[in-house]
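Take a look at the structures listed below.
There are two complexes below, and they share chain A, which is joined by chain B in the first and by chain C in the second.
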Partner chain A sequence: MNIFVLIKQVPDQGSKAGVNADGTIDRAKAKRMLNPFDRFALEAALSTKRRYGGIVTAITMGPPPAVEILYEAIAHGVDGAILLSDRRLAASDTLATAYALSQTVRWAGAFDLVFCGLQTTDGDTAQVGPQLAERLKVPQITYCESFEIIEGHIQASRVIEGGTQTVKSPLPAVVTVANSAERLAYKTLRGAQRVQQLQRDEEARKQVIRTVTLDDIEAVPDRCGLKGSPTIVAATEKVGEIGGSCIIYQGRSIEGLVQDALVAIPRELVQA
Partner chain B sequence: MSKQVLIFVEQVAGTIQPVAFELLGAGRLLAEKLGATLGAVVMGDGIGHLSAHLIAYGADNVYIADHPELASYRTLPFRRVLIDLIEGFAEAPHIVLFGSTTTGRDIAPRLAAYLETGLTADCTELDIGSYNHTNAFDPAKIGLYENCLYAIRPSFGESLKARILGPWKNPQMATVRPGVMAALFPDTDRTGTVIPMAVNLRPEDLQVVVLETVRAVGELVNLANADVIVSGGYGLGSAEGFTLIQELADCFKNGAVGSSRKAVDAGWISHAHQVGQTGKTVRPKLYIACGISGAIQHRVGMDKSVTILAVNRDSAAPIFKFAHHGIVGDLYQVLPELIRQFKKPISQPTYATSTSL
Partner chain C sequence: MQPALRYDLLLVGASTSNLTLAHRLLDLAKASGQKLSIALLEKSPQFGAHIVSGAISDPHVIAKLFPDYLTNGFPIEAEVTNSHLSILGAKEKWDLPHGIVPIGLRKEGQCILTLSQVIRWMAERLQAKALEIPNVQLDVFLGFAAHSILFEGDRVVGVKASATGDDNEDNLYAEYTCFGDKGFLSRDLLDRFELRANPQLWSVGVKEVWQTDVDYQGVIWHTLGYPILDGTFSGGFVYGLANKRICVGLVISLDSKDPNLNPQQRLQHFKAHPWLQELLKNGKLVKYGAATIPEGGYYSLPTKFAVEGAMLLGDAIGVLDAASLSGVDKSMETGYVAAGLLHDAFAKQNFVGLAGAYQKAVMEGFVGQALHTSKDFRRAFLENDRLLGEYLPAVCRSADKGHPWLGSLSFGLSKPFQRVTESIHALSLILGKSGGGLPPASYTSCRENIVPDFAPAPVAVMAPAKPETIYSRSDAVFYAAPRYHEGNKHIEEFDPKVCQNCITTYERLGKTTPCIADCTAEVHRIDIGAGVRTHGMSLENCIQCRTCEIVCPQTNLRVNPTYEGSGPDFFGL
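Let's turn to the complex of A and B:
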């Protein structure tokens, strides 16, 4: 099985570093992390290899520091990695991103499965997976929770409103993995040793982590970045704080303040 | 042909999903502002009876694709029907809207990629307005654009609302968060046109098959439909704390148990209960947050609740910045007292009526 997993480096929202007073993020100063949703995609890719054999390649698009998450993926056991990095990709929306990633996948070779996280924590769109599938002209399975490979098909359980659905698709396919799927296993000792070795040995690193530009993947620059993006963020405004309007109950007997707080609770909602 | 706003109608086993009525309500407002017609496209097997409802809720035109292969939602057949519909119009629809559901978020990006047009995810507000693009780095797009779709959505990590536009190509597409837009009051005197569609599926559209669909009734955690959600966070300190949360939830007629991500990560409760950015978005009539600090990741999943009551020991917790009512105290004292007062048989406590809120 030839397996790709698409991952992204995102700002660490749990960290205060790089958060401006107005709530915007200074991406240069912000702490960075592997998109939490991608951990499920990584596990899906690695479990496919564990169960059915194959080669797992992690792909990311981002500025040079994004190589950090490729090392992380290698520590977890992926075989190789590709970093798509090009200034002309700046300000890509989901359509432009999906195009650039689809060109990267095509460049990397034939595949059986491409796994993506459901969405990212910085964009929160969940759009790139299906858009990538359209570009690659293959079926998609979104919100995948668990799956098996049976006779050249993937049989997957996907989350839907109020339940689950089992679908069967031929390979190759693009799969976006739900965050209720299997959690990412720990880094392996072998993986960690491999990362150390790659950080020391530049030649070996170039073999395992390939860095490519738009020219390498034969992407049309006008379909990438700002020019290739049909949408733009025209304006942002701070989410209004209702600050100060909260009615606070404190400092009296528990019985008294609970009794006071009952005004918050509409009577008709309570069991008779 | 005049401008058109088109909405995608989700139906499950012949029942129109609530988000479709909300989209009709939102689409109607946009259509009025544009002087456009409102179209609704619905697909399924044996669904002819749905068109009258869609017209009563605001549609001028109902495009109906009735075919055995469309019985349950699948990406590729639905994609084909939508492509044929949109490409069949003399002029592309101005706007196409989908619900931000597992179905809408599956089909909308796929279609947008085919059409090579813009799509904004999970909008909470929509509007029409003009836009003057001046970015010199992208000269081809410079100009003043009228009648743009303003797709407005929370930009989560950054506590901002972003207005996203794509006026350069129609359709301008968006998915809309369920439960946010208001449906119109149905008017059975409204008239509209029902347009049956020819369904021309190709063999490659049928390669994915649905083997089984299980929708649990009452079994699963149904946060979406609960009137009251009692949520526990890291402040509970242990899994046992959820017994108390459940006990409080059981005091309500239609109560459910929610949780913060930290409580899920700690292994105290399953992910199905999680509210927030990587969990579910809810808007119950009453949300009781217990031992939840109110980080932005949680807030975005519940801050549209009609009433938020927070219980937290830390009076400086961010949750008190956006809750409507806050009890500062130890939840292990406050919750048992709340339960006791609810169950108190004689001298009834003085509740609010919902109109006074």
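Let's turn to the complex of A and C:
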């Protein structure tokens, strides 16, 4: 089976991202991590390989540092990786992202399954997976919690309000994986070894992690990036820092923390 | 099937000792062109994140390894400018006149290190160094612990380091394996080959780092006395670090009679001392951690430091010198010495005689000399429990009254002849001047020293001026930041019935079990269900010090290395 898994690098939830002058998010400043939802997609892809055999390729669209999550995926056992990176992709909305990713998948070749995460922790739209399926003209199964491959079909259990739904679809298909699915198994020794070999050996690296541009995947530049994104960000307003009005007391014992808090709370409130 | 994961050399633990070994070996391989593939296995997810130390260290090995260590970014908190040995009463502190401080505790000119930072620096630099040596391949496996040792017959051939269930993916094989793991796994080698002549005498060290508003960079105190005056071998330390940080710690020997030592709480008692209250009053706790220290020294050394296919280094052997609380330079030296011998063995493809040569080199060098000199250090206190049980408390009491000398005098005068001879004898043991002639000491293991109904004289703990500087054990755990994966079960309890009996025994005495009392992180507990009291564990709190395993009177616990990099985050300790 030929299996693709789409993963995205997002700002580390623990660190603060800034806002650019034009209202877009300044991602360069934030620490980065693999989108936590994509860990479930990664496990689904790797478990498909374990159970049914095949080759897993991780695909990401992002600036050059996004290669970090591809290494992470390799440490967990994916066979190959593709980084779609092109300045002309900057400020893509979900329409443009799904278009560019669909071109990347086409370029990468025939597939049986494409796994996506449910959503991301930065964009949070949950639109890319479904749009991708539409563009690739294949069936989609969203909120997939568990699945089996039976005679060229995928039979999946979807999370729905108040229960689960079992659906069956022919392959190829796009599957977005729920975050209640199997958690990602720990990285493997061989994966960790391979990452280091690739970091040392540029030739091998180029073969395993292919970096492509819009030209390589034959994407129309006007359908990508700001130009290809009908979503108009009219304005971005900083409405104050999250947690700005919340003082976190730490670094002291509970007794000390309570003392600090009592000093800070207006008298009237304490008495009431 | 993919080929097995195989290396020339496998280093278990990104430790003080193994990182020294690796640096030295790379330097030698660079010069000689010797081809080497090396795997470095570390159970913590970040270098140094599972390491707690003091640490004051003589930089002599660091200087051999990095002649430019003063200018190359090697992280040093400070050079010791003022080194004190102090007697603590419950209220006062008496700094001993410099002239009578044992040489081993005069630390002026030595380095104050935050060992976790040193480890990270050395590891990162090692990786960079390896990239520049084409004949060396170094693979680092961070967040992978060695779980069991692999043998072919009696030869060590590698370790199991993951749990996918597929041996080909879980086993790391090597021509030679070096254990710098503080005994975490290599204790199995000592047992299998019956290499223990004497049990190890373990201490537990609990430590906190504080951000304060006072600058004591370079000033250090080692303390004796308060808060432990029940005869237990122990001592406190306070080191002034860079950037107005201070570390405060207490080392308590686990061969105590007391089944309820409560190390973390004793550290709070220590901090309640007026002197420390003054230092910490405007401070904030940054980190908390604990680790065990092998203090048996010379007589606890294993009969062999290496077996076929593997050697032990650092604390895994037990080369720390308790008289000067110095393990860092000793551990480094074992690595330094091992590197040279391993380099030659790989060059000749001949490992015969390596074990003997290694042991000889360690024992004939400064490590062996220091261990030999202070071989009777612990014995002095074991033989004469009045030293810590009566003499020290007497001195502490008079320190509180403002005339510490009188305490020693009045204690000596009460039975002049006996006291003088025994003091001279003890002093000669402590200072390593007994001149031999004594038969080898024989130790009993820590757990065997426990006296369930031991009733120590209560120590008056001062009410802290700033109660908010004092932490409960469950609060302190947050500052060690343990994190565990789902399904973690790294501590084995062998027989629940044994625990039930143990719980009953201690409850009858109005105490709790040693595992519950002495845990540094609020892990062990008593569960009450259907009228039976059973032993339970909140493993997610564990900071992997191994104290519970050492003090369990029934040998009913085993602390295993964790999977998935789980455990505390000690970085900064």
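One rule holds for everything that comes next: the second predicted complex is superposed on the first by the 225 of 272 C-alpha atoms of A that agree within 3 Å, B and C clash if a C-alpha of one lies under 4 Å from a C-alpha of the other, contacts with A are read in each partner's own complex, and residues count from 1 in each chain.
Methods note: contacts are C-beta pairs under 8 Å (C-beta built on N, C-alpha and C of every residue); 3 or more make two chains touch, one makes a residue touch a chain.
Note that the structure is predicted; figures quoted are calculated from it, not measured.
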item: Contacts of A:I149 with chain B and chain C, given as first, second, both or neither; value: neither
item: Chain B versus chain C, judged by how many residues of chain A each one touches; value: B
item: Which superposed partner A:E255 touches (first chain B, second chain C, both, neither); value: both
item: First, second, both or neither for A:L189, with chain B first and chain C second; value: second
item: Touched partner set for A:T236, first chain B, second chain C, both or neither; value: first
item: Touching partner for A:L171 - first (chain B), second (chain C), both, neither; value: neither
item: Partner chain(s) touched by A:R200 [first = chain B, second = chain C, both, neither]; value: second
item: Which of chain B and chain C A:A126 touches, first, second, both or neither; value: first
item: Contacts on chain A seen with chain B and repeated with chain C across the two complexes; value: 251, 254-255, 257, 259
item: Contact set on chain B toward chain A in their complex; value: 17, 74-76, 101-103, 105-110, 112-114, 116-122, 131, 133, 135, 137-138, 140, 150-151, 154-166, 168-169, 207-216, 220, 222, 224, 227-228, 250-255, 271-272, 277-278, 285-286, 296-297, 307, 309-310, 315, 320-329, 333-334, 337-338, 341-342, 349-354, 357
item: Chain C residues touching chain A - in the complex, by the definition given at the top; value: 2, 5, 131, 137, 139-144, 161-162, 164, 169-170, 172, 211, 284-286, 466-472, 475, 485-486, 563-564
item: Of all residues in chain A, those that touch chain C in their complex; value: 183, 185-190, 192-193, 196-197, 200, 251-257, 259
item: Residues on chain A engaged by chain B in the complex (per definition of touch); value: 10-11, 13, 23-25, 36-37, 93-95, 98, 121-131, 133-135, 139-143, 155, 158-170, 179-180, 226-227, 229-239, 241-243, 245-251, 254-255, 257-259, 261-271
